[in-house]
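Worksheet for the structure shown next.
Which chain is which? They are A, B, C and D, in the order written, and residues in each are numbered from 1.
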């Protein structure tokens, strides 16, 4: 996991800049924590704006941050002047997502020039104790950045 | 598709009541359109609060509404005093989600006393023309409603 | 569905030739039925060699044929001198797979120069009555054929 | 991972007996290696009967053994007189599956009285070197065993 080769020396700035443009992350109150080669984490404090009918985090709010975490984990390993697109993902919800905040971890499993495969998880933290509430398996596409990006 | 057997005569009220409690749907500006046995649709107008880095709808915002559409489609066929939980889903993003608004359609493929399987899609509408931008395959769980629900 | 554009005039021969090389299909007793632009079907008669512990078709044998059906459905729309690879798929098993034979249907949902998204299903046929037993959502990759293929 | 609670003291025999009834595993030449609480591995030597069009292992043959590995990993933790059913799975194929043999590892991520979530992987071994070629995320159902099982 630690042996990923970085081809974009400015990958941290590239990821930060792209993340800052995601209106949804801002709207959900999500912030990026850690950016490392092949790994990104995103935190999202609890709010009633993020819930399903039982006041737990909605599957959609959890999926939003773990998708971004996986996508940006993939982007850390992509060449300069490329961008990342989510082709597809699958998420299992393994525990009710109850907590003061949740943290999404995205990790590259297999990088590639076209396709990068990632795994992610969302951990709910309540009173200091952690519980995995969702796990993701995702497929990301690398493509050349367009002129106006 | 039209031959589903409804066991909760108040399924429309049950679905509406549950949907109204989903803070995330309100926060994303999503509203429920149609509730029929085995089918639900949800609309979400475009906003900068829903976007990824290229100003398209974020995969997470699309997933949020099609998850709710599939979950409530499943709930229309469940007995009274039960509730629906998303066990897992998989989503493919097949076109950039650009539009004035998007509509998520959730449909039951196979109902069951414990497990209900659904398929969903999100259609982006721009200037009256429609384009499918995401397709979902989801597994929903039916369980007895808890006292305080 | 009928409006797919074919870019390989010999797509039927291309698909037949590739299918004939799949040792697994032969070993499972699977044969290709229909090859149309964006659609392929594969039939597999019942045998004890295909079963799980209750003498139904094993999830793996069903997945094998619907993966091939989706992959070759994608290949019908790809240019000459390219090949198809399965990037990933997801399958829901919605009914016990009991029958004299099963038929897998693979259909292109969204073709593309790099990525093609497909949906598939497996239908079990017993005494003339049909039942859907599995549904698939799959992502296929198109790449240039190598010299020795 | 090591802290799973076993409720069936005969889980090894239960798993072995069920596996021995899977005609497909026999037909593919697959054998069970390790059975531990929450973990099962299955080996499958290379054969032309298992291949796709480039003589690699077919996605279907890989999926077959990792599905069985995940299902039986789940069964190790289930109570006596129950059985396991695959509700659904998703598999990413991350490298060409070339090797003398492949080993599928199935692990329980989250056990439950009704639903058990597993992750699996298939490793290809060639001349002693290992390479992950597929990763699975799967949802298993526990249900009471029927009289004649």
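The working rule: contacts are C-beta pairs under 8 Å (C-beta built on N, C-alpha and C of every residue); 3 or more make two chains touch, one makes a residue touch a chain.
For clarity, every value in this text was computed on a predicted model and none was experimentally measured.
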Contact-pair overlap exceeding half with A-B, pair selected from A-D, B-C or C-D: C-D
Of B-D and C-D, whichever chain pair has more C-beta contact pairs: C-D
Between chain B and chain C, centroid-to-centroid distance (C-alpha), Å: 29
Whole-Å separation of chain centres (CA-atom averages), chain B against chain D: 32
For chain C paired with chain D, centre-to-centre distance based on mean C-alpha positions, whole Å: 22
Residue list for chain A, restricted to those that touch at least two other chains: 87-88, 90, 92, 117, 137, 139
Chain A - residues contacting chain B, complex: 18-19, 21-28, 47-55, 58-61, 63-65, 67-68, 83, 85-93, 149
Residues on chain A engaged by chain D in the complex (per definition of touch): 90, 92, 94-95, 109-110, 117, 119, 132, 135, 137, 139
Interface residues, chain B side, partner chain D - complex: 87-88, 90, 114-115, 117, 137, 139, 141
